[in-house]
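The next part holds the structures, each set out as structure tokens.
Two complexes come next, and they have one chain in common, chain A, joined by chain B in the first and chain C in the second.
Entry: the complex of A and B
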């Protein structure tokens, strides 16, 4: 699991695309001499393998947005990387994009790392036609003649069932679904190794959502890209991700193959998350969790879930459970599941 | 007529768009009729995608939007004929709204308990603040909170789930007969969502309040509603008993919606890998504007 600093032409197949080790990203503010720290990501470790869709689930303020901001290198004060590292296969030795030089970032963005966001208006330039966005972002990486490039774009747009006429449109002239598909085409045209998808279908209607998810899956299978897929919607995770990590209050609490998480959730939080989902055709009452997610400026001691946990015991208030393998490939951070002192 | 709590008769709403010479009419709601019986509390879900007119319909029921044609009668009062403050107050006594984002429904600079007290004072007139505080505490208890917990707090100090409960408590202070909730749980975290949804059921069963639940989420609609109404492009395409409609949808659009629901089961996953992209769908290339 541990990838040493890689050679660019080494044995790339075996090594993971992204290794995040013990990442700590805090928001640090200081008001009138009073220092406050929001520990939004606190000791997160995981690995994204080549060619997989790695899902990240968590509710608002669980730190998932901070986590992907850190991975994407979009770190601005008051956000700070306090500890840990993020090693990409295509950028070895830096410990994260935030440490890379500007020229290095320009080489990487879109070519090796791209994004699909919830509001694709933020990716497509609102005052320029869609064609310009493709030329601005992707052309420098692909090169060749502009005419060849345009042919490539048209062929790629066909993969997401978009007509070449969208190239002459402004983003606001497209419907939400079309815009999201255009953003998907833009994010994948350079066949990047790694794509960060942040709630890419949350703003879409259900019928369009299913279609766009199918396209993301199809293109990912074709290009062999790795995707870090973030959404709070467990239904979406069940349909698109290969492996799934559950985040709660700044930490990962469970990680396994998606099917395993749904079939055999181990952490009490994951269990409730899955059992509380209403399903059409089932009439049994569903209960939500008591309490509320903690304030990360002042998180509970020990396991951050313990105030809401039905299985909490004395040790949970004192010590932080570590992620341990409960069965092959299934990691969970819970004293009640792992037993022992969690050391 | 008296035995209807809400009677919506052939209501339409059109919006005009564009410039003077290139004016374009958009029919947001097209001749929709629906009834809610008095004395028979129920949860009615209005389901549709964005642009289906479900929110416009809800806003007309709340008298926040005037229909272009058709009539709305609430508990014997025609909404179009309603005039004056007293009539408006009486109307708000009967119908209360709950909106999608509780952080937008509360003024961030005001303590939440002020909202609750002012609402109570407004509806019960002269009764003093101490009696109002008792009523506020009682309403908060109905939603699983207490004045002790929320007293002195500003909206940003509460979680979305807590604040949405406060919004429901605020609505309860008017002792309404009908609550119109527009996407009340779509902004709420998954672990808190079900407790809000369950709360609607308690309101119906214990307080006898009818609820119009506007949503795009078929699964929660199936879970709590008695009746559902499916809207597409301003018209009602299918309506009836929630279980019957969602288990065996008849209209092709309902079926399409039903099939697009992503079940939280991995077993059904292969369905998405090869989606039928040739079929009709609202996302098909179609330029807006």
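Entry: the complex of A and C
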């Protein structure tokens, strides 16, 4: 599997912050002598540019979370990085956070790379005041006097419309929305260059969801950070991401500017995904996709989508399609789209 | 604050109710016992020789009066409460005419000293090691500790105590096997006396600590592994927060909350005396006193010891309930 990696376009904007090349991350278990490998991420390549919000979409168990964990360096057995590399602009020469030394990680994390998690409401230590979370997470990176630090935190809280009094509160004394915003402030206080957002709005009602998305967008514009935004919710992607990659069964199948994906989806899976979205004014029932996502312990040969694909031909069962540029900036891995020259 | 005051008031009322019910149960149980203390002491006296029947009758009457057994059951019950409220449990039967209060006062320091120290040591060690073992799951030494704790856990306490006695009393006789201090030493704060007390306390304390550390260790280790999966710990680790910080302020701090409750309960339970410990090691504490009192049918003494232990357990629970809102901010006073 050799996917073409997008070359930087030369201008300042397009300088990559993260280049992932042919990443393979498997869950390897051994039970009573029977070894099993789940190929959750299998040959994924993509580039996150500076100052963009890069979206990653895919249904449950498509390997999104594994990909995120691998990039974040949160790799614990049975998860293993089997191959490929991840190069960060702020960490050269390691090929991924998982190879970096603990001291290096403590320096990089939060200063350069931070996270917004799905359970953002529960990321604050329940037995300590909110202030101490800010001190634990960010103070070592920012330094100075505690008083100055606190002023900085208060100013930053104002960006997410929180009163300074939340600092002296315990997490359970705040509402869900307030906790969500406090977590957002906590993730961005150090103005990191790169933010990984893993389903940050999934558990929220639409009002809070819109508010949080707006805040992420606002902070991202202000600090010029890059965001890797992961969610299965295509509506959220349409709302916030600049470019979008679609993941299916551990591989990327398509990548393009978000508007392009919605306007002109090329891969049969993406087409299906887009056409399944409800549109205002239409009340015809939406056609679903027959079949279920494959078992990654024993994935189908060739293109992993072929058992469910309406366009599948004989080559799809044998060969693995490669991500190729169909038009400028629009990559897709499909024999039906790219012609039969994938071999 | 008025909310907290109301809470304290309700909690105090509950405390009094629990103590009242507990003492009543102790009263009923002792009085339902088939051993009659009056007949017991009369037979003790008569066994020395012949006594005139009317003298025996006289003695029976005065003994009944003394033990609060005169009159109808209702009168007896009222006398009993009158005595409890004036903290006077009357004279002991088995050590007549020493008052029950004096006997308890003599035994209490032994029990309190031994059990407080060994409970605290076991709690601190068990939680520290259990916390570390839960957090550093790969550490060989801590894994071994886990295996040892698991192995010690199912051994009945008295077997372990006996084993220690045999080991350090007979096979390698370095420690005294019975008593609280060397017999004929004056009980004053001389270096010899203190040394002797410590020497006698080693084995009973060791047996209590071994068992205690094991169970605190296992409890804490599983609490910690639960806390480790919580979002706030995962997140702090992703954020590169200093790992010692995570262990202390995030993991241990959250896992300790239920363990503190456990500590208060076992500190409250101290005044029950560790009955088996004191029996096995011949320790002159409340536990031994209680067992002897039960055998002798010594109502006053049994009631005295049980009242103290009912009070102390209830005080322990009350204290932890009052402190809990400070310990875990999520516990709302309502």
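Rule of thumb we're sticking to: the second predicted complex is superposed on the first by the 325 of 343 C-alpha atoms of A that agree within 3 Å, B and C clash if a C-alpha of one lies under 4 Å from a C-alpha of the other, contacts with A are read in each partner's own complex, and residues count from 1 in each chain.
Operating definition for what follows: a contact is a pair of C-beta atoms (placed from the backbone, for glycine too) under 8 Å apart; a residue touches a chain by one contact, two chains touch by 3 or more.
Computed from a predicted model, the values in this text were never measured in an experiment.
> So in the superposed three-chain picture, is A:292 touching just chain B, just chain C, both, or none of them (first/second/both/neither)?
After superposition on chain A, A:292 lies in contact with chain B alone.
> Is A:119 touching anything from chain B or chain C once the two structures are fitted on A? First, second, both or neither.
The second partner, chain C, only.
> Applying the touch criterion given at the start, work out whether A:127 contacts chain B, chain C, both or neither, answering first, second, both or neither.
second
> Could you let me know whether more residues of chain A are touched by chain B or by chain C?
For chain A, the partner with the higher number of touched residues is B.
> Looking at the overlay, does A:213 come into contact with chain B only (first), chain C only (second), both, or neither?
A:213 contacts chain B only, not chain C.
> Could you say whether A:110 touches chain B, chain C, both of them, or neither, answering first, second, both or neither?
After superposition on chain A, A:110 lies in contact with chain C alone.
> For chain A, which residues lie in the overlap of the chain B contacts and the chain C contacts?
Overlap of chain B and chain C footprints on chain A: residues 172-173.
> Once bound in the complex, which stretches of chain C touch chain A?
Its residues touching chain A are 230-232, 234-243, 245, 249-250, 253-254, 257, 328-330.
> Touching chain B in the complex: which residues of chain A?
59-60, 161-163, 166, 169, 172-178, 181, 204-215, 217-218, 221, 232-236, 238-240, 258-259, 262-263, 269, 272-274, 276-281, 283, 285-290, 292-293, 308
> Please give the residue numbers of chain B that touch chain A in the complex, ascending.
Chain B residues touching chain A: 49-50, 159-162, 189-198, 216, 218-220, 222-223, 243, 246-247, 256-258, 260-266, 268-269, 271-275, 277, 281-283, 285-289.
> Quick one: which bits of chain A touch chain C in the complex? Just the residue numbers, please.
72, 74, 102, 105-110, 114-115, 117, 119, 122-128, 132, 136-137, 140, 170, 172-173
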